[in-house]
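Chain nomenclature is as follows: A, B and C, assigned in order of appearance, with residue numbering initiated at 1 for each chain independently.
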Amino acid sequence: MKKSERVAGNVASYIDDRTGAAGWAKKNLTKVFPDHWSFMLGEIALYSFIILLLSGTFLTFWFDPSQQEVIYNGTYAPLSHVSMSASYASTLHISFDVRGGLLMRQIHHWAALIFMAAIVVHLLRVFFTGAFRKPREANWLIGIGLLTLGIVEGFLGYSLPDDLLSGTGIRIAEAIIQAIPVVGSYLSFFAFGGAFPGHVFIPRIYIVHVLLLPGIFLALITVHLMLVWYQKHTQYPGPGRKETNVVGYPLMPVYMAKAGGFFFIVFGVTAFLGAVASINPIWLYGPYTPGQISAGSQPDWYMGWLDGLVRMAPPLETHAFGHTISWNILIPGLIIPGILFTGMALYPFIESWMSRDNREHHLLDRPRNVPNRTALGAMSLSFMIISLANGGNDIIATHFHLTINGIMWFTRFGLFIVPPIVFIITKRICLSLQRADREIVLHGRETGRLVMTPEGEFLEVHEELTPEKKWTLTQHEQPAALTAPSEDANGTRSKAGIKGKVRARMSEAHVEQITSPTATEAHELEGGHH
Amino acid sequence: MRLSNFRRKKIAGPVLVVTALLTVGSAFSIASALPSAQRTEVSAQSTLVDEGKQIFLKGCSSCHGLNAEGGAVAPSLIGVGAAAVDFQVGTGRMPMADMSQQAMRKKPVYDATQTAALAAYVASLAPGPAAVDSASLTWERDGNVAQGGELFRTNCAMCHNFAAQGGALTNGKYAPSLMGVEPQHIYEAMITGPQSMPKFSDKTITPAEKLSIIKWIKSAQSEPAIGGASLGRVGPVTEGLLVWTLGLGLLIGIAVWLATKAR
Amino acid sequence: MSNEVTRFQDPGLPEHAHRKSDHDAIAANRAERQVAILFLLSAVGTIGTIASYILIDSKKFIYLPILGDTNAQQLALGTGLAASLFFIGIAAVHWAKTLMPDQEVIAERHEFRSSDEDRADFVTTVKERAGAAGLGRRSLIKRTMGVALGLIGLSPLVLLRDLGPLPKNDLSTTDWSAGVRLVTDPGDRPIKPSDLEVGAVAQVLPALPQGTERTLENIGKDAVLLIRIRPEEFNLDAERLSWTHDGIIAFSKICSHMGCAVALYEQQTKHLLCPCHQSTFDVTRAAKVIFGPAARPLPQLALTLDSEGYLVAKQGFTEPIGPSFWERNSA
C-alpha cells in the first residue's frame, strides 16, 4: 500500500469511528453531477457570495459606519479639509491609505455586480429549461428570495460610503418609504431616526448589511444547496439520460476538482476586474449633502430597471380629504415590482395547474419545445431590459446623440408594445425551430454537397442524423391540451366552469407545438424514396 | 500627445480650410472663413474695432444682424461683452456649423487676433463683461482645490456630472464635457452663461471662488486612473455594462471550456 | 402498414471515447507538466503580490495604454492576486479534464414519494399524536394558543417604536420665515438683487440665527434655487408675481417627486430639470411640471427686500417642500 493511501485510510477511519459516517460519506462522495456549462451559473453566484464575505470582512476592519461629521485630512488632496461623515472619510481612508484597500473595495463591488448578474442568468436558465417543475418548486421560491434579498443587500452596500451618489439613492428610497399611504412618514422617521438624512441610518443599515442579511443568505443558500444535493441535479435530455437516472461525473474527484477550481477562477476574474477597472470612485462623487446632485445619477444595474420605471411613470397623484397618494412613486416603485416578483414566484404553480401536470421532472426541456413558456420568459425579459434602458437614458442620450425625452417616450410606449411583440416572435421562432428539428430528423442534415443524378438533375446530399441525435430531438413529451368541461345541463356557467375554461384556454396556448416526427414516419418516407 | 501637437501645428492651415469647407453647412460661414484670412493683412493698420466689424459683417451678420441686433435664429449681441465673444469664437462654437440644437465645441474658425478684433467690436456696442486674459487667471496659485470641489458639486455637477464629463439636458441639449477646456474659457462661460448655461455672478460666486472651481476641474482632468480604467467616469451604467460583457463573458466562456470533454 | 406509431428509440449512452492521455503516456505526462506549470504560475502570482506590497511605493503611477496613468501598487497587487487565484483554478480544472477519469457514470434516481403504506402510517401517526395532545378535543387550549402566538410578534414591533421620533409637522416646515435672508451656498453671503444679472442663478440657503450650526437636515429642507430672468418673461398670476422681485424668482430645490436637488437650469428655455428622474419644470410658469414623473410644481418662495436692500423671504413656504406623503394637505 502506498503511503498516501494509508493516510487516506487513516483519516477515513478516524472520522467514521467518531461519526459513523462511512456509509453516508461513501454514497455522497460518489454522487453524480451532470456536466454542462449552464449548470455552472449558480456556482458563479455562490462563489461570488464567498468572495463577498471574504472581501467584506477585510473592509470592516477599517470602515467606520458613522454619520458623525469629521474634517478630512487624509492623502486625497482634492477633499482636504472638507467636512464629511465618518463613513465617507473611512472609505477614503480604505481607498487611499490602506495598501490594497482600494483593490479590496473594488473586488467587493465587482463581486456584488457579478453575484447579481449570475443570479439572473442562473434564474433564466432554470426558467427556460423548466428546472423549476416538481419537485423543485421550493428551490425556485428560495431562489426568488435570494434574488430579492440580493437587490436589497446590494443597495444597502453601496449606500454605506455616504457619497453624493449613494446619498441621492437613499434620498429616493426615503421618498418611496414616505409615499406609503397612512404610515409612510412614520416609517420614514423611524428608519432615519428623525428627519432625513439624520445620523443613524448608515449605522443601522451597516449591521443589516454585514450581519442580518448575510446570515439569512447563508441559511437560504444552505437549504438551496441541500435540496439540490438531495433531489439530485436535473439533466439535459440525450441518449441514455432518463427521468429515472442522472448521468455525469462523481463528486470525488472530478466534480470536486472542477467545482473547486471554478471557485478560484471566479475569484481570479473578480480580482482581475478589481485590479484593472475602477468601480464606484466615491472620491470623485464627493460627500453627500442634500443640496448637491450630479448629472447622470443612477443606481447599480440590478436597481436600474426600478429607476427606469420610476422615470417613465406618469405624473399622477391623488389629493383628497387632506391626504396625498403618490401613484407616480407607488406604481413603479412598489406595485409593479410586487406584481413581477409575485408572478415569478407563482409561475411553477400556475404552469402545473394549467397543464394538470403533477409528476416529477428531472429531464430538462429544450426551450423550443415549450414555446409558450419560452415566449413568456422572453417577454418578461424584454420588459426588464426596456425599463433598465430607461434607467440609463441620460447616459444613452449623451453617448448616442439622442434626447432623454425621446427615449422616455419610446420606453413609455415600448413597455406596453414591445413585450407582446417579443412574445409572438419568440413563440414563432420556437415553432420554426421545432419544424427545423422535424425536418432534419426526417430528411437529414443538409451537407451543401451537390450531386448529379443519372437523369441530369442536381440533388443536395442529405446526411442522416445519428440515432443519438434523432433521440435527442424527438424524446420530449407532447401533451395534448386539456379540454374545457362541458356546460351544465341547463346551460348556466358555474364558477368552476369558468375556471375550467380559463384553464383549458391556457393549456391550449401552453401546448401549441409542431408534431414530433416518429420512427414510423421516417420509415414511410424511406419507403417512398426507394 | 506630443505627436498630435506636432501634427496640429504642421497641418493646421490646410485642416482649417478643409474642415471649414466640409463641415460648415451654411453658405455664410464658408464665405467668411477664406477671405477673412486675407483681409487681416490688408486692413493691418485699421483699428481693432473696425477690423472686428468687417469680420462680423462677413461672418456673423447674416444671423446676428448687420448691427448685431439679433435675428430670427440668433440672439442680439449688444451688451454680451467681449467675454462672450472670446468664449463662443475661441472655443469654435461660433460660427455655428449648422443650425443644430446646440453649438458644439470644435476647432476655432478665427485665429486669436481675429477673435480679439471681433470681441473688441462687440464690446464697443455696449458695455459687457470683458474677455479674460489667461495670464491674469492665477488659478494654479490662488485656487483652493477642495473649496473648488464643493462649489463645483453645488453649482456645476448637476449638469456637467461629478467628474466634469458632461451630461444630458432636455430635448437633446447637453452640458459638454469640461475636459481640455482652456481655463479662460471656463471662466468666461461662468460669467456670460453661454447657450443653456446660466450666469454665475461675481457676487454669488466670487472671482476667487471661480479660480478654485477651475483648479478643481483641472485637478479632476489630470487625476490618474487611481483604481484602473476609468470607464468614462459616468457612474454605474458603464460598470454594469462591463460586468455583463467582460465579467460574465469571461466566466461563462471558462464554464464552457470546463464542461467540454478533453480529447 | 400497421397503424401503430413507433417513436424513435433511445440508443443509450454512447460508447466512451478515450482521451489521448488515457492511452498515450506521453500525452498524459504532458498534461501533468501543464498542470504543474499552472500551479507554479499561481505561486509566482502570490510571490508577486507579496513583493509588490512590500516593494512598490503606493504613490507611484505608471503609464499603460487603455488604462492611462495607473497606480502601480494597486495594479500589481491586483493582477498578482488574480493570477495566484486564477491559475490554481485553471490547473485544477485542467487536471480534472485530462487526467482524472472522464467516463460518465449513471446513477439511478428514485421517486421521492414514499410507499403508500408509509404514507398511511405517517398520517395515522400524526393524527394519533395530535389526538394524544388533545388538540382536537381541548378547543379552549387551541384558541388561547392561537391568541398567544398571534400576539407574540407584536412586542418586538412595539419595541421598535423608539427607532425615531414621530414626524409631527416636521415634513411640512422649513427654516424659511418672513424676513430670513437668502445667503449663498457655500459661502453664507447675503445677496442683493444687483448681485444677479439676468440669466444668472444662485444656490441659496436661509441665514440661520447666530450660533446655529447648519445641519444636513436643514439643507435637505431649505435648499433654494434663485433665478433671475427678464420680468416680462414671467407668465404668473398676480399673487405669484408679487412673490418675485424684479425678475428674481426662488424655488425649493428639493424635487417634489423624490427629493433630489433640482438644480439643472437651462437659461435659454427657462426649464429646470431634475437629473434623477428627469422631471422638467417651467420657471416662467411657477415651476409647472412640463415633463417627467413629478406631479406637482416646485414650491415657490416669496421674496422681498429688507431694510438694507438684501433679498429676504417674504414668508415661509406656503406648502410642504419635497416628496409627497400621506398627511400632505394641498395639491
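Throughout what follows, a residue touches a chain if its C-beta (ideal position, glycine included) is under 8 Å from a C-beta of that chain, and two chains touch if they have at least 3 such contacts.
From a predicted model like this one, the values you see are computed outputs, not experimental measurements.
Novice: Report the chain ID whose CA centroid sits closest to the centroid of the full protein CA set.
Specialist: C
Novice: Which of the chain pairs holds the record for C-beta pairs in contact?
Specialist: Maximum number of inter-chain contact pairs occurs for A-C.
Novice: Roughly how far is chain A from chain C, going centre to centre by Cα mean, in whole Å?
Specialist: About 18 Å separates the centre of chain A from that of chain C.
Novice: Can you work out the whole-Å distance between the CA centroids of chain B and chain C?
Specialist: 34
Novice: Can you compute the centre-to-centre distance for chain A and chain B, using the mean CA position of each chain? Integer Å is fine.
Specialist: Inter-chain centre distance comes to 44 Å.
Novice: Note the residues in chain C that touch 2 or more other chains, in rising order.
Specialist: 67, 71, 74-75, 78, 93, 97, 102, 185, 203, 261, 263-264, 275, 278, 291
Novice: Mark out which residues of chain B touch at least two other chains, giving numbers and ranges.
Specialist: 150, 154, 158-159, 167, 170, 225-230, 258
Novice: Chain A: which residues touch two or more other chains?
Specialist: 35, 102, 106, 258, 261-262, 265-266, 269, 274-276, 291-297, 393-394, 404-405
Novice: Per the contact definition, I'd like the list of chain B residues that touch chain C in the complex.
Specialist: Chain B reaches chain C through residues 147, 150-151, 154-155, 158-159, 167, 169-170, 173, 193, 195-206, 209, 224-230, 257-258, 261-263.
Novice: Mind listing the chain A positions that touch chain C in their complex?
Specialist: 30-32, 35, 99-100, 102-103, 106-107, 135, 168, 171-172, 174-176, 178-186, 188-198, 200, 231-232, 239-250, 253-254, 257-258, 260-269, 271-272, 274-276, 288-297, 307, 310-317, 319, 322-326, 328-329, 332, 360, 362, 393-394, 404-405, 408, 441, 467-468, 470-471, 474-475, 516-522, 524
Novice: State the interface residues of chain B toward chain A in the complex, per the touch definition above.
Specialist: 145-146, 149-150, 153-154, 157-163, 166-168, 170-172, 174-175, 216, 219-220, 223, 225-231, 233-240, 242-244, 246-248, 250-252, 254-256, 258-259
Novice: Can you list the chain C residues touching chain A in their complex?
Specialist: My answer: residues 1, 4-14, 53, 58, 67, 71, 73-75, 77-79, 81-93, 95-97, 100-102, 104-112, 160-161, 163-167, 170-171, 185, 203, 205, 216-217, 219-221, 223, 253-254, 257-261, 263-264, 275-279, 289, 291-296, 322-331.
Novice: Note which residues of chain C are touching chain B in the complex, please.
Specialist: Listed in rising order, the residues of chain C that touch chain B are 17, 19-21, 61, 66-71, 74-75, 78, 93, 97-98, 102, 184-187, 189, 191-192, 195-197, 199-203, 227, 261, 263-269, 271, 273, 275, 278, 280, 291.
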